[in-house]
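As structure tokens, the structure follows; a few thoughts come after it.
We just call them A, B and C in the order they show up, numbering each chain from 1.
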Amino acid sequence: MSSHISPESATQTPESVAEQLHQQVLASPSRRAFLRQASIATVAAGAVGALAACGDTAAQKAAPATAKAAPDSDHSGGSTAAHPSTAGAAPSPTAVAPYGGLTLAQARARADAMDAMHEKGIKAFPAATKGKGNQLLKPRIENGVKVFELTARPMKWETEPGKLVDAWAYNEQVPGPQIRVTEGDRVRVVIKNELPESTAVHFHGVVLPVAQDGVPFITQPPVKPGESFTYEFTAKNAGSHMYHSHMNAAKQVGTGLLGAFIIEPKRPRRIEKVDVDYVMVLNDGMHGYTLNGKGFPATEPIKAKLGQKVRIRFMNEGMMIHPMHLHGMPMTVIDKDGWAQPAPWKCDTLNIAPGERWDVIVDCDNPGVWAFHCHILPHAEMEHGMFGMVTALIVEK
Amino acid sequence: MSSHISPESATQTPESVAEQLHQQVLASPSRRAFLRQASIATVAAGAVGALAACGDTAAQKAAPATAKAAPDSDHSGGSTAAHPSTAGAAPSPTAVAPYGGLTLAQARARADAMDAMHEKGIKAFPAATKGKGNQLLKPRIENGVKVFELTARPMKWETEPGKLVDAWAYNEQVPGPQIRVTEGDRVRVVIKNELPESTAVHFHGVVLPVAQDGVPFITQPPVKPGESFTYEFTAKNAGSHMYHSHMNAAKQVGTGLLGAFIIEPKRPRRIEKVDVDYVMVLNDGMHGYTLNGKGFPATEPIKAKLGQKVRIRFMNEGMMIHPMHLHGMPMTVIDKDGWAQPAPWKCDTLNIAPGERWDVIVDCDNPGVWAFHCHILPHAEMEHGMFGMVTALIVEK
Amino acid sequence: MSSHISPESATQTPESVAEQLHQQVLASPSRRAFLRQASIATVAAGAVGALAACGDTAAQKAAPATAKAAPDSDHSGGSTAAHPSTAGAAPSPTAVAPYGGLTLAQARARADAMDAMHEKGIKAFPAATKGKGNQLLKPRIENGVKVFELTARPMKWETEPGKLVDAWAYNEQVPGPQIRVTEGDRVRVVIKNELPESTAVHFHGVVLPVAQDGVPFITQPPVKPGESFTYEFTAKNAGSHMYHSHMNAAKQVGTGLLGAFIIEPKRPRRIEKVDVDYVMVLNDGMHGYTLNGKGFPATEPIKAKLGQKVRIRFMNEGMMIHPMHLHGMPMTVIDKDGWAQPAPWKCDTLNIAPGERWDVIVDCDNPGVWAFHCHILPHAEMEHGMFGMVTALIVEK
């Protein structure tokens, strides 16, 4: 076990996730019913145009006969079955006809079209895009000082396949490169400004002398285009922190000038000895709803083996709350803004406000591909399928 | 005392609440002053049209003489009195005339018109509407398995008197029927889809095998129109959970496909032995701001006797936070998402984010009809009076 | 040490803050580089119009030579330096030219213009405005009862220099005057209504008899224009509470009818013995984003000496969450809605929802002028500089 695992350890190739999802759905007891329905639905979909014109008798005949599938194991009860028509039931005064007035065949055709879009998104996950943010930045060591160099400049950033947005980025990454140091380290951060306006770097949550605090005209002059500025301080307070612009910040942070700044403790607590240490930066600005700079299906799944422990460091760099919901297993909250909570506590939906960091531990005791998303549903799903702040925690047997 | 009381135990007829409010306002020491003012105001209101044309001398004469009411008991100091004109006071440079430039009589007439609308809303509470959500669903027992059947279909739902909205509902209820089981129970839920699109049921917060998790194309095929799907699992983690659609969820949940899923513990903690166990589902989607599917004055008051304990299970199925504020008594927070907090803590305003569940205990030691509402004021009150996320906790002597 | 310090103790004159900021920026190791750049930038700014027409050769020549500044003390590493052109580096496919396609001189001129606006705002802090809210209201004592008199009437309120908004205010203050009593006190509050509509006062968070709860038609008749109403109760539950209108509240509270109601404990806990006791009322309604009724730069800095303890009582009277972020030192959360948390816990960003109160302690062990603001960045900064929910905690050596 190790308390310092780079985000890469949680990555897997697109192929392996697709395969895993395929196996998971195949393993469902309803597989055969599903396949049978699919073929029927395809027929119905093809017929829908004609049906709209000529009535629904044929479509009704296409409706599958009732089938009752039994759970095939002690653990899983999933089964698909067609059910008999409810045409004979007495409707209540406020009831509307089944299928909202469509014939069953029309409803099926409509469903099939929508399902295909949903399936396409999920099959594409994790979709390849150019650029990966939040990559660990190796420092240069100068006389015992860990030196990190950041260049801020405009670029195009691909948030999901084919969607290029205007970004201002540190070292061509959104989020900027992940900075990790250890409690007590002497740290130097050099920012080079290649933006068309001034900037400054604030180390959000890091306790340091005021001259290093990065607020133009309050603690320093702004760093003008073409200039560099050097910050230097000793990392005192362990925890999950951030760095970001503090100049014209609603725009500069909103467009990408942000990153994780993690100070690891000299003596980790027992609870923070984990197998996977994952940073998840939430954002909702000009780039849409993103996790680590990408929207679903281009988000990165988190991967662990059964029995492992995953630490997730949530960081909100956006303008809205994001209550992150993990399926399948609770999250144990240990830290707020890098400070230990008086006692760990459990939840499955954790509300993260702008500027907050929350650290949680997940005991991966439930195998499968688990949805993991913001529970403000319009941040996660639309008519055409899941998007934005959606990823998965994959627990492999 | 019992840890399992159905929501019905908290219901009372419209008549009894109106009577209680009537007594409560009558008991106010300012009753006589109120009645006197009311008659004056009525006169003034009638006169306002004329006044607007001919000046305010007559109206000023109608202003009541100063009266100083003394508190009539050790406990209550409420008293209404007219007060002398402040015309003689030197106004500050930024001050505006009293009554915003209206004459007193004009202000009174304006107030009377607004007050009448406010009073009408409150007098109507709890207003009768067709349909009641969140009703306890009795399972069928099959070989020791508790079987719950849900049918999803479109309907019209009445959120407040005369306001019919389009809903997609489970068993013609919004929220869907309340499912309650006990820790260790084997549970089967059969969903029958009569919607014009595919669906699936996610058991939000419930720890179960991934095949039962209800996420189309990740854990199962979508349940197409005309099909059924059977979920089965053992209820492991006690607490306040939810079930809702996880397909096109921003729409399907937003329009009503949601409900409470409660797992009662085998051995309840001492703190959860209560007299009233109330589920409050918050929503803010296409149906407006609602508590258990209804907007004020059609919301349901919670009723308890002095000295009783009420447990409230807040569940947010909406897209916004709702900081719920209870008047008169603090709430003791015991659980988050069904997991015990390390120690109970008190508040009077509890911020509940989408997807979160919070359980609180109220010790009903303060008799009266207590307002209970979301403290985002535009979710609770408009110029014409209270609406939306407003109800009352009634503590009867 | 004292547990009751009026807000005034935290005030300082505009001149002293400007001087302090001046010294703080001068003390920055980058001072000389800053001055040098500034003169270059001024030249470039003057030339930008011409450059836009004739190309950028001259501007490129104006670019400063590389300079590497060394940190000048163990504590501070701040240094500004120009850096060499990156023209020779191979750009990635998604990279955009440095400075977003502007020449360096153009970028500098753009930056200088923006910087001047940012600097102007900060230099103006704390800007003088007419009117100060949240002033301690001295009660009149009548037979041992503390009597507070409030008059509600319309006025103009200056939220920042030259910005006058329509307000409905108690005693011509936004927030209304601060009411402070001690646990066990008998309290009387007389509200005189000079508004053009009815009103009522709710004591938010205060445990009292229902007749004193201030909800029209539920606990009392509305207080009509020209009338007074008297509330009387014994202050039972110590803590940070509020008073505000509960009639047409989205409008009446939104436009200023709100204030702090603090009940000091008879026997303060050790942790609440502080040097500065500061109330910070957050708002976001018709008056814009404000702290104690003012927007930056007219907000009030909080001032303490090195080694002192500051208690901040956050109160949200708005319609949105505000995650307040303090730079430089953590905040220790002790109370929620006036009730002690089971154990204190630390953070640097505290999410405060409408209706909530949170009490925190800051150990002022880090000298300097520390930014203190809502971390929803559009509530705190725009292209032209900081505004709205921004202030500073000044820790003086």
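The rule is simple: a residue touches a chain if its C-beta (ideal position, glycine included) is under 8 Å from a C-beta of that chain, and two chains touch if they have at least 3 such contacts.
Source: prediction; values computed, not measured.
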(message) For the two copies chain B and chain C, what rotation in degrees overlays their C-alpha atoms? Round to the nearest 5.
(response) 120
(message) Regarding the chain A and chain B pair, does the interface count as same (over half of residue numbers shared) or different (under half shared)?
(response) different
(message) For chain A versus chain B, what separation do you get between their C-alpha means, in angstrom?
(response) 32
(message) Two-or-more-chain contact residues of chain B, please, as numbers and ranges.
(response) 321, 342-343, 351
(message) Which residues of chain A touch chain B once you look at their complex with the stated criterion?
(response) 21, 24-25, 27-30, 33-34, 37-38, 41, 63-64, 69, 71, 75-83, 86, 92-102, 104, 106-108, 110-112, 114-115, 118-119, 122-123, 321, 323, 325, 327-330, 342-349, 351, 366-371, 375-378, 380-383, 392
(request) Flag every residue of chain A that touches chain C in the complex, lowest number first. (result) 130-131, 151, 153-158, 164, 172, 188, 192, 194-198, 202, 204-205, 207-213, 215-233, 237, 246-251, 253-254, 319-321, 336-339, 341-343, 351, 353-357
